[in-house]
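Paired with chain B in one complex and with chain C in the other, chain A is shared by the two complexes that follow.
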Partner chain A sequence: MSPLTYILGWPFLAALALVFIPRNYRVVIRAIAVAATFLSAVLALKMFAQFAGAPAGASGYRFEQVVPWVKALGISYYVGVDGINAGLVLMAAIVAFAAACASWDVQHREKEFYILLLVMAGGILGAFASLDLFFFYIFHEFALVPTFLMIGLWGRGEQKNYATFQITLYLTVGSLIVLVGLIALYLQSGLGTFSIPALVAHFRQNPMPLGAQQFIFPLLLFGFGILVSLWPFHSWAPPGYGAAPSATAMLHAGALKKFGLYGLIRIALPIMPEAAREWMPVLAWLCLGNLLYCGWVAMKQRDFNWLVGYSSVAHMGFVFLGIATLTPLGLTGAVLVMVAHGFLAALTFGLNGYIHRQTGTLEMAQLGGLLRRLPFIGAALMMAAFAGCGLPGFANFAGEITVFFGAWKVYPVVTVLACWGALIVGAVYMLRAVRVVMHGPLPERWAEVPDAPHFWRKLPFLALLAGLLVFGCFPRLLTDRIQAGLASVLPAPPIALTEAIEPVNSTAPLAGPTSFEPERPMVPAGMTVRE
Partner chain B sequence: MNTLLLSHELLVLALGLLVLLADLWLPRGLRRHLGYAAAAGLAGILLFSFLAIRVAPGEVQYAFFEMYALDGLALFFKRFSLLAALMVLLMSVEFAESMPTGVSEYYALTLFALLGMLLASSANDFALLFVSLELITITFYVLASFHRSRMTSLEAGVKYLIIGALSTGFTVYGIALVYGLTGKLNFNELAAVSSSLGGNRLFLFGMVLILAGLGFKIAAVPFQIWAPDVYQGAPVPTTAFLAVGSKAAGFVLLLRVLFVAVPEVSFQWGSLLIVLSAITILYGNLCAIPQRNLKRLLGYSSIAHAGYLLLGIAALSRDGQSAVLYYLGGYLFTLLGAFTVLCLVMRQVESEDIASLAGLGQRSPLLAATLTLAMVSLAGLPPLAGFVGKFLLLKSVIAQAPAQPGYYGLAFVAIAGVVISLYYYFGVIRAIYWSRTAPDLSPIQPSAPIRAALYACIAGMFYLGLFPGTLVNLTEEVVKVLR
Partner chain C sequence: MKLEILPWLILFLPLVAAGWITLFTLRNQKLSVGLSIGAVVTGFVLSVLFVAVNPLTPAPQELSLNWLSIGEFQVQFGLRLDPLSLLMMLVVTGVAGVIHIYSWGYMRGDRGISRYFACLSLFTFSMLGIVLANNFLQLFIFWELVGVSSYLLIGFWYEKPAAADAGKKAFITNRLGDFGFILGILTVWAALGSLNFGVLAEKLGANREALGGAATLAGLLIFCGAVGKSAQFPLHVWLPDAMEGPTPVSALIHAATMVAAGVYMLCRVFFLLNAGALEIIAWIGGFTALISALMAIQQNDIKRILAYSTLSQLGYMVMAVGLHGPTPAMFHLTTHAFFKALLFLGAGSVIIACHHEQDIWKMGGLGRKMPVTFWTFLAGTLALAGVWPLSGFFSKDAILAEAFERHHYALFALGVMVALLTTFYMFRLVFVVFFRPARAEPAGHAVESPQVMLWPLRILATLSIVGGVISLDHYYRLQFEPAAVGAALSWTAQLTHPFAHAPVPAAFGLAAALAGFACAWLLYRRADVDPLPARLGPVARAMRDRFYFDELYQATVIRAHDFIATIADWADRWLIAGLVVRGTHGTTELIGRALRLVQTGNLQTYAFLFALGVAFVLWWVLG
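Take a look at the complex of A and B:
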């Protein structure tokens, strides 16, 4: 059995076990949830560490396992990782553990909450580990439905119901559009299999007709785009995260949202390269909507949670920009940002949840000076804010700068504007928020707010911070793996790192593997200094 | 002739007559429990069917000069109807308290309606088609108006009678035209000549009229107008049986007429079926949005589901046909679970408004969980049966799209329908858990058989959602008798 099966299996198994545990055994319920996600996280860490040494299968994936499921339709349970999703699985497992730890504030119907949380965690891990289209999709839905229920049942704030309906409708539309695209893709191949490596290999040999590509690619682009809050389909995210319980927001914003980006990289780009080249300039301009417009809206927010929600939408812009370059460098950066943002979003939503729990509000006008009362939480929040502005030393910096290096040659104008979004806009809203919430006079009513009292409360935040810092200081841990994985994604005409490509006019036929050398570190020199 | 071929029908007929006779001798107080006996009898017949009746794949056995066919498809629908009737009877026992008289007749009529469905699943001749349709429809006139003291129930019966009679008229007229032209009623014989009649307007007119009659059974636009009123007015078990059994009977007849009797003609009707399916989906889903009465809401939702099922017929392919069967399989567990919950809740509170579900989460976690899962499955979200069903239907439709772009449009209409439906299905879930004020918080204790039925429904929804392999193989095997 593949370790991936254990990684995604423990949460599901624990969810099943919780069904049979009486609801008044609160400590046991919580302990099982935390233990299961901890096990997943440890196994994911082990998997990540052993990744380089593991034998790669025929199609370049490691830790593969195939179990036929529905033979008549060619569906099988098929898991495996390459450089692209190894980091994502690790990130998702750590985020799931942190979310389970941070759920101590749930006080009613704990049993149902932890069952849903575990199903969601298992679904996320499954979606990232699956190499079968059907399971890829269905695991995502496994994670999505609990999201809606958790926001609806345990959510907070006045707009809870509205936010629940909005997020449900938006994300369902997105995932159904994706479903049509995936079915069309499956039928287009005529192979009768849902296996992603088989489909990619097939379409590499026999490129899909251009007409079909032009029909299916937009379906996947916008379907996945809605799931990732691509501007202008982002409006579900801030209210949804604002209303969600903190564990749900951590899991969704941190891990589940990356599903759409991962789907684009794993499925849409390698199978439909021509259509991708036509659509990428559009994506590049849309991503400015994320970076600049949502960043600008974030600056105007008065509620800290909404601000973080908008900032998480804004950060997706970097990933879209990286994908839009269609260069190894840009895509490497995109995957790095995905991992980094997973830790970051989970961290900020977790800390927000802590503050909300203690003060009952996240209105920035009512907060202030909390750093004096909350040395640990405050310090963690400031580090998160710095990571969000892209300060070197945090994983976000490594990812964002790689994206910019990749994008500069392809979309210079967009890159210049995006840099503004990253450096100025991001810094303005993040630092302003930190100033208002953490510094200044401490209002009388918060004089007794307690800091995280013991190690267990601090643990989730420490784990996420560790992720940010480790990958920030040693980005090569990820980049080396990602580069090796990208070879299967980018069959496009040879793209040298320093060469500009013209995405619109490029009609060159598919040819040969990419020309970059895996040995050469693609991260700019400045970043590897820290090693 | 081999009587084993007719064993399902004969056994159910005997059971129905027994129930009627038992009413004569049983004391009043015990009559209610006759339902359990009838259900046990059906369980026995179902068991007998699985143990004794075998049909080799692709094999068709005939009786009555090929009027009656026993093949995999027929057997699938016979077992389907038996299972549905079994659960409906269990539900009726719960419901019987509110019926002043005639409880045993209610059980017996349910069994006779079942007999009609069993015959319908084997109909290979327009005469048997008509007889079985009438047997189903006429018993349902009575079943729908069984609450004699309630205006809404009587209204439901009368509406069903009038529109049913009209559609019967259509069907007979259509059969007459087809018979007048070809001199044949048997599907196999018709299939041999129908290829040459594709251009004959009179023949097509006759076929359209027959389709209209079947459209009434499955509540597809434009013959859907009766469904909401009848669903709302009829007693809950009747509504459930109407929604599951009667609809399935309509679909098996539709499959046989379209793909056994006149396949050449049906393959020209792709566009017509696309339009019908799309309109049915949109009509059902859009009209369900403002509904506050739960049964009426399910009535509109059942129109929408008829539309989804038509997707598979419109695809005009084996995949589509087997997807229809799969979808019906999931629909059985989902809908019966939902109606069983409604039956219990509405017995307690005399209102059918969605608000009467308030606090159900505290009153009975099992009922709340079943209804929630049923709504999620109806909405078509994984990991429940509804998702796999919709997935297979969509797949069959998209597979036809490269040849006929209209199918892409149909797929998108179906998706729009799913998204719209989320609104009202989640509205029901919201009423269960989120309601601010709950007037009544007394616990509801379902009886042991009902609990078992609910667990069976939940298990069915999950099994078909998580392990679709078995049923997919079966349905693909079964539709091989169709063209």
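Take a look at the complex of A and C:
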């Protein structure tokens, strides 16, 4: 059996087990949820580490497993990873673990909460691991429905009901549009299979008629776009995350939201290259709506959670810009940002949740000087803020800079404006938040606010920070894998890409085109020396 | 090359110290201090060893590994070892080591001392990264990292609103410069296809016109980075505010090293800058030097005077680069690192003695009470004023000579003017602080600082005195003009070299220093209140209020950006979320109400609708 089945299976199994556990066994319920997600995370880590050594299947995917289900329609349980979703599965598993850890603040109906959380985690992991259109979509729905329930039942704030209503409406409409697009795709192929690799291979041999592309592509672009809060379909996100319990916001903003982007890259681009080329300039300009406009709106927020919500919407702009380039460079950057933002969004919403739990408010005017009382949480929040404004060392920087380099030759004007959004607007609202919430004199009423008391409370944040830092300092862990995976995505893979597939299973550095003559053989420590 | 592991060690030791302190020893203050000081001092010793084993030669050496490699986007993590970077490595580890030790005395008793030393180590790591970087992107990475360590250290006392605000202002102002810098890097990469300095230099060496029409633009965009980091006009406003940080931080980051990184970067990529860009760079540098020297004249905070003086000297260095003179720029950068660090540490000693009083008009008579501080401060002042035979004379003279030789008489005159002003405001400071009786209570009880703070002063004072005659310019010339370089001169020959080589600039420089001293002597020798405001009136007020640049930016740039944000917020609230979404919501509800009318509960109606539906489907499928 594929390790992927275990990775997505443990949360579902645990959810099932919880059904049979009496609701007053609170510690047991929580322990099972944390243990299951921990197992998933460890297995995902192992999968990611073994990725390079694992044999690749016929269509380039590793750790494949196919179990036919409905033969008449061609539906099968089909999981597998390539460079694009390997990082996403790892990120989602770690985020799920962090979310389960950070749910200690849920005090009523724990049983239902953890069941929903586990179903959501399993659904997310399943959606990222599935290579079958049907399961790809259904797993997403598995994750989506608990989101609405959790916001509605365990949410906070006065606007909770309206926020639940809005997010449900928006995301349901988005996924319905996607559904229409996917069904049209299935019918258009005439193959009678839901297997994504088979569909991609088919349409690469027999390109889809342009008319059909022009019908289906916008459906997928905007359907997926709504799920990712593409401007101007973003207004569900800030109130939704503002009202959500922190674990839900962590899972949704961190992991589930990447589903739409992943779908665009995995399905829409390779199957409909011509329509993609027509629509990408539009997407490039829309991404400025995220990057600049939502950044400006974030500058004006008075509630910290809304600010983080808008900033999370703004960050999606980098991914859209990367996708819009349709170059290996831009797409690699886009996937890198997806993984990075997963860790970052989960981290910020988790920390927000902690502060809200302790102070009962996230109104920025009422907070201040908390760093004195919260050295750990405060330091983590400041690191998250730095990651959010693109500081090197965190994975976001590696992704953003790659996107900029990829986009510069394709959309120079958009890139200039995007840089402004990244370097200036991002820094302005993030540092303002740090200044108002963390710095300055400590108000009397927060003099007794406690910091994270022990290791278990710190663990989720440490895990997410580790993800950000490791991929920030060693981005090749991801980029080498992603590049190889992109070969199956890009309409016409450039010649340079074949060279880039090589390094996947070697950790030794390459002598790239920029190395010099004459060159000494590589030193064991992995340095090239030039004299 | 021998011992090639050493540069890696030197670079990463401070990072290890910073990480270790943050993770494990925050509560153990002594261990934290020891780790941080140990890392940087070891780094200095290893640097000396490395340079001793590998003599400086013009041929660059590179050690690198691949950090990111995606098709044509190749980023190395590499060290470029040439005279420029090796000398800077010595300067950075040396000055940082001395300041680390001083900090131990200065910050004693502060409860955040572990955090302080962790940030200081992070800064040392980032600064060494800038110095050793072999490509643009790596430089940019460390560029951002020094920015963030500076932010953390300016806002070290974050409970003080002024400190927290100053950190934020410094970071965002720097980001404005970095915005241009990254665009410049993108332009260069798109045109030349590489980020590595060596490759870029080779490509441009083979074909001067490789950058085409974008050459001037690319040069100026890259210069934007230096404008931010080295606080040149129009982004100079952050540096004076940065004085809210602890004084050793001001000495290390905001005087000796980080703010000089802009100048260093310009020298590093000097081969990229064409004549058009250099002309603008020279004028911006000169203008900054002049206006900040004018502002320094009317400041009353001891650290702010030094901050404006730093601005002015940085302008001098930038002007030198713009005059096609990277050698004098780097020479002045190095001597300035010695004497400006010394002056800040001396100021710190004074501030501690006066119980954190920083207004010079509340000091006085400290010369007799604090002899070591006074004499070392005086040495620094004389060096900064450019008095022969101290270090500042030689480096400043080299810049003036550069302007003179290039027949750039306007900038030459400007340089002489700034030299006069420099001597004037520095001796104003010295007279008011160290002479006359104490003007306020704390200064009356001042005592000399402990030895842990005095030894750094003595070391830096020695360097400030002899820095001009230890062949620094010779080694920098190895980097920039390897063809023209001769044998190194003996120190006695160096002493007289300026007079033999270019007597006119040397004479002008000395005359300016003398004139500045004379003015200060006349006005401030016996002053207990500043006589200038009464004589100059509104001009003095404008100088004191920094020529209203902060107010101007507040009223224009910041307000405009804020206005845009307000509009966006309003649109989001009322147009997108309000009109469209709530509108859809309303419409849906209206349709729902309309459809409710169909739900009559009447069986016949339902049967009729059902039949109608079946008929419709049949028609659709069959027809």
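In the analysis below, the second predicted complex is superposed on the first by the 492 of 531 C-alpha atoms of A that agree within 3 Å, B and C clash if a C-alpha of one lies under 4 Å from a C-alpha of the other, contacts with A are read in each partner's own complex, and residues count from 1 in each chain.
The rule we apply is simple: contacts are C-beta pairs under 8 Å (C-beta built on N, C-alpha and C of every residue); 3 or more make two chains touch, one makes a residue touch a chain.
Remember, predicted model here, so these are calculated numbers, not experimental data.
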{"item": "First, second, both or neither for A:65, with chain B first and chain C second", "value": "neither"}
{"item": "First, second, both or neither for A:435, with chain B first and chain C second", "value": "second"}
{"item": "First, second, both or neither for A:138, with chain B first and chain C second", "value": "first"}
{"item": "Touched partner set for A:179, first chain B, second chain C, both or neither", "value": "first"}
{"item": "First, second, both or neither for A:152, with chain B first and chain C second", "value": "first"}
{"item": "Partner chain in contact with A:361 - chain B first, chain C second, else both or neither", "value": "neither"}
{"item": "Touch count on chain A, higher of chain B and chain C", "value": "C"}
{"item": "Interface residues of chain A shared between complexes with chain B and chain C", "value": "165, 169"}
{"item": "Of all residues in chain A, those that touch chain C in their complex", "value": "165-166, 169, 232, 234-235, 293-294, 296-297, 299-301, 328-329, 332, 369, 371-372, 386, 389, 391-393, 397-398, 401-402, 404-406, 408-409, 415-416, 419-420, 423-424, 427-428, 431-432, 434-435, 438-442, 475-476, 479-480, 483, 494, 496-497, 500, 503, 509-510, 512-516, 525-531"}
{"item": "Chain B - residues contacting chain A, complex", "value": "376, 381-383, 387, 391, 394-395, 398-399, 401-402, 408, 411-412, 415, 418-419, 422-423, 426, 429-430, 433-434, 467-469, 472-473, 476"}
{"item": "Parts of chain C lying in touch with chain A, wherever the complex brings them together", "value": "1, 4-5, 59, 61-74, 76, 137, 140-142, 144-145, 148, 151, 155, 158-159, 161, 164-165, 168, 171-172, 175-176, 178-179, 182-183, 186, 189-190, 194-196, 198-199, 561-562, 564-569, 572, 576-577, 580-581, 585"}
{"item": "Sites on chain A touched by chain B in the complex", "value": "69-73, 138, 141-142, 145, 148, 152-153, 161, 165, 168-169, 172-173, 176-177, 179-180, 183-184, 186-187, 212, 215"}
